[in-house]
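Both of the next two complexes hold chain A, though its partner changes from chain B to chain C.
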Partner chain A sequence: MDKSTLIKTQGLVKRYPVGGGHFTALKGIDLNVNSGEFVGLVGPSGSGKTTLLNIIGALDAPSEGTVEVLGKDLATLSGAQAAKHRSAFMGFIFQTYNLLPVYTAFENVEFPLLLLGKSAEERKQLVMQALDWVGIADKADSRPKMLSGGESQRVAIARAMVKQPKLVLADEPTANLDAKNSHHILETMVKLNKELGTTFVFATHDEKVISYLHRKVTLVDGSIQSDETS
Partner chain B sequence: MFRFLMKGMLRDRHRSLLPSIVVAMGVMLTVFMFTYMKGIFDDFFNNAAMYDSGHVKITSRAYYEEKDVLPNDLALEDGPGMMAMLRSEYPQLNWSERVKFGGLLDAFDENRETRAQVGAGGIGIDFFGADTAERNRWNLGAGLQEGTLPQKPGDIIMGKTLASQMDLKAGDDVTLISSTVNGSMVLNNFHISGIIYFGTPPMDKSMFLADINDVKSMLDMGDWSSEILGYFNTSNYKDLVAIALATEFNAVRSDPNDRFSPQMTPMLDDAGLRDYFGYASKAGSIMSFIMIFAMGIVLWNTGLMGAIRRYGEMGLRLAVGESKGHVYRSLIIESLGVALMGTIIGTIFGLGFSYWLQEVGFDIGSMMGDSQMLIPTIIRARITPTAFYIGFFPGVFATLLGAALSGLRIFKRDTASLFKELES
Partner chain C sequence: MILFKLAWRNLVGAGLRTWLNVLVLAMAFILMIWGKGVVDGMAYQLNDAMTNIEFGNGGQIWHSEYDPMDPLTIEDSHAPYPKEINALIATHKAAPILIRQGTIYPDGRMQTIKVKGIHPEQEVMDLPTAQIVMGATGLTPALIGQKMADKSGLEVGDLLTVRWRDARGTFDAREVEIVHIMNTVVQTVDRSQIWIPLDHLQEMSKLQGEATVVALDEPFTGTPASAAWIYRDLDFLMKDINDMIKSKNFGGNVMYGILFAIALLAIFDTQVLAIFRRKKEMGTLMALGLTRAKVIGLFTIEGSLHGIIAFVAGFILGSPLFYLMTTKGYAMPGDMDDYGMALGNVIYGRYGPDLLIGTTLLLFLTVVLVSYLPTRKISKLTPTDALRGK
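Entry: the complex of A and B
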């Protein structure tokens, strides 16, 4: 794998058992994503974009084919190793933010650093830096229920970015946000992509997200229909 | 990480306070019900031992065969000799003589005309012996309603209901009409020194206590002994020890061919108590099991619900990079903390209520009507060493089991569906 290639899939097939037969969600995906890209997996519901995101994130295994992320063949990783791989190199952003409600914004962002065993001092510095990136350092002590949807998603982005991962996987990150907040969030992610060189891979069918993508991989019925770079 | 998880647990009342309260309530009920049942069964057996059977009873073989009709004419000869031998060779028991008898009690007016007559039962106990343990054993001082305990020969104390029925009070005299062991009619005057509340309906309604020497003299028994009761010095009945003692005693001193040879009978073999004891033990075990099982189900469900409601949080933790094993272990540790806290609090409260019921008791005398069972009218709990740990079975094990089983789903969870689950 080329040094700048972050993700490489070859002949990726994913089948799900359905009744007596099976449903093929991915039909031989070959995809390379380079470091620092801002790429979206685009397509209608059921096109296979979330399935592909899951496989890249080591949350699911393909039925056939190979996937390498950061030089690691994911098929060779055990569950614990896959968890370690996610913890060390990947950040996740969800449609519904999924902040832990009993913790403050600071503590939610701090959580991935605890898994990495960072010291308290280092955690404090990194968390405040991440909250600063997304523009809500002043909300560090607020609980999720005191935050708006846009603020919650920014905390979620800070949580994904705090360990400065090489790769961020975002599944419909703007689906629950209004237009103004969506643009704000996307601008934040573009800024982080530019300043930190983090690779972003989106699964989306939101036109607002699509308008920010540097590269658009369109999936239809489990196959890549087009791969456009702007 | 541990501090982080503890912080979340303490802040989330649904994870800490509420399950702890549920566990504490369940454990408290378990402990209280256990001591309550223990108290009822123990009181029944203690009463039976005190009033009737002792922990072992020595009678003649003939007396034992016809004991239902109180055949004092079939009593053991040389009671003092037998008592001396027992005190010497069986010092692990405290020995007391008893004579049970019956007759017609006659209350008379100032002209010595009969104003009330009632059939009554009497028990002769050792009131005045130098080393008698009977006064303490019967705990007579606590039940004295008026007057004093017997101070001199000829004094008796009478059950409260019987005295009330005959309109007698402390200081009055009564005449007992009965028959001697030789079959002669006997009339004997007694002085009522006190009225007593035994706390056991059959005793209060029809019994009085007299000094054993007065009774023997009245019945012409000489130095005969109807019943000699032995009580373990530790006060608790030990069935296996009692059986072993009786077997040894009977092998050496009892002759199947001699109806007047002595025979030792363990408490449970006297008056069919063994069957009742077996029934009570089984019923108690079944009730304890049902109670612990039911509480276990409730608390297991508490553990289960606690884990299920945090399914989303666990999914997120897995996605962020925490291993399944770590998530599972943290769930178990958290559950153990909640279970231990709830169990300790529940045990403390359960023991507190039990202590109250043990010391103060709950009077059900008005509900017992004409009961002839030797059970006390005041229900009391009994705190035993088991009460200190019995709550841990449902409290800790069931709660942990619930958390462990629900947590197992973490391992079975299809990681790929995390995004969908987290977004639902």
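Entry: the complex of A and C
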């Protein structure tokens, strides 16, 4: 694996049991993503983009094939090692934000740092910095139910970015947002990609997101149909 | 440590939901202890009253013919004191009691009674026998209970005609003077009986040096030498009472169980339902890098903290109640001793360390278990399934 290659999948197959048989969501995906890329897995619903994103994020395991992320073969990792791998190197952004409801924005963003054992002082500094990046430092004490969709997603981005991971996986990050908020969030992510060199991998079929991508990997029925770099 | 911090943050963050659950759990905890303490107190009072007042701490030695449930046995139930206990009688460690059947005529109405003779100086039974002192009239002094006095319309100073049959079967009668009326919760030393000095009854019935039962301050070891006497230990004497206590305990345990079920429901709502509702949160935690074991640990600690806070709240809120129950007691509606229970009008709760620690541990272990099991089940889901909340 090349030093700059962050993600490498080979012959990736994912099958789900359905009734007596099975449904094949991914059919032999070969994909390389380099460090610092701003890449999107695009395609219609059911094309396998979220499945691929989950496998790259070590949240799911492939039925066949290999996945290497940051030089680690995910198949060789135990559940605990995979969790540690996610905690250390990855950030996640979900379509429905998935903020912890009883925590404030500050506490939500602070959570990954707690897992990394950062000191209170360091946590405070990093959290406020991350909230600043996404322009929501004034909402640090607000709970998720007090935030709009756009604000919630910005908190989710801050949570994903606070530990400055090498890789951020974003699953339909703008699906629940209006156009203005979508653009704002995408601009934020482009800025973070440029300034911090963080690799972003999106699963999306939103044209607004697609317009920001530097590379577009189109999936159709579990196979890569095209791989275009702009 | 981090899991404690996160669990605490979850609890505080959940706000009202946490405090409502804690309150319900604390109330169930208080009620469980309160209810069981009342039943324990009742059992203790019953046991204590019967042992101290009716039987003596060491049980009794009975004449072999004596059967308290069969009045016809009283006539022949007498014999010279067992020799082994003469020394105990001399040191007031044993109290011989002679029981004879008799008849009194309060207000001209004939009433069958037991006449019991006892040494006024005895210290074995908690009866005010020291009050059986001959008054100015020179008549045989008699002690009766309040129930007997109420039923027969007797008061201190009243003279009462007593008729009895002596050892030869000859009827005789004399007047006795009521010198004291005792308040006691034990009906078996009160209703339909009078207590007079032992030597008077022995002389009246021509049974000098004889008794029907001997109450003991300490358990009797061995077997009485004379076949006329049988040692009855407290297990034998208290059998009916113990059976009644057992039935009360069963009722108490049912109540304890119902309250325990309420507590379980509180925990169930907090943990099981909440955990199933929080699948997505678990998936998020896993995605953020929390291991499966730590997710289980986090939710288990969170549930356990509910329990710990509830126990602290329970002790704080319940202490005044337990204190009042121990010192002031719980007033029973009506006289419970009218129903054959030697309880009096007030039941005092007993809240010993065994009850407090036992209940706390029982509830705490349940909280931990109910927190752990559903989390463990859900955490077996793949993070992607958990994230979907399925």
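Definition applied: the second predicted complex is superposed on the first by the 230 of 230 C-alpha atoms of A that agree within 3 Å, B and C clash if a C-alpha of one lies under 4 Å from a C-alpha of the other, contacts with A are read in each partner's own complex, and residues count from 1 in each chain.
Just so it is clear, contacts are C-beta pairs under 8 Å (C-beta built on N, C-alpha and C of every residue); 3 or more make two chains touch, one makes a residue touch a chain.
In this text, all values refer to a predicted model and were calculated from it rather than measured experimentally.
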| item | value |
| --- | --- |
| Fit-or-clash call for chain B and chain C when the two complexes are aligned on chain A | clash |
| Touched partner set for A:D60, first chain B, second chain C, both or neither | both |
| Which of chain B and chain C A:Q95 touches, first, second, both or neither | first |
| Partner chain in contact with A:S4 - chain B first, chain C second, else both or neither | neither |
| First, second, both or neither for A:S226, with chain B first and chain C second | neither |
| First, second, both or neither for A:K84, with chain B first and chain C second | both |
| Chain touching more of chain A, residue-wise (chain B, chain C) | B |
| Where chain A meets both chain C and chain B, residue numbers | 54, 57, 59-60, 79-80, 83-84, 86-88, 90, 92, 94, 98, 100-103, 107, 111-112, 114-115, 159 |
| Chain A contact footprint on chain B (complex, rising order) | 1, 4, 7-8, 11-12, 312-313, 315-325, 414-416, 418-420, 422-423 |
| Chain B contact footprint on chain A (complex, rising order) | 50-51, 53-54, 57, 59-60, 79-80, 83-88, 90, 92, 94-96, 98, 100-103, 107, 110-112, 114-115, 159, 171-172 |
| Contact set on chain C toward chain A in their complex | 2, 5-6, 9-10, 12-15, 280-281, 283-294, 382-384, 387 |
| Contact set on chain A toward chain C in their complex | 54, 57, 59-60, 79-80, 83-84, 86-88, 90, 92, 94, 98, 100-103, 107, 111-112, 114-115, 117, 143, 159 |
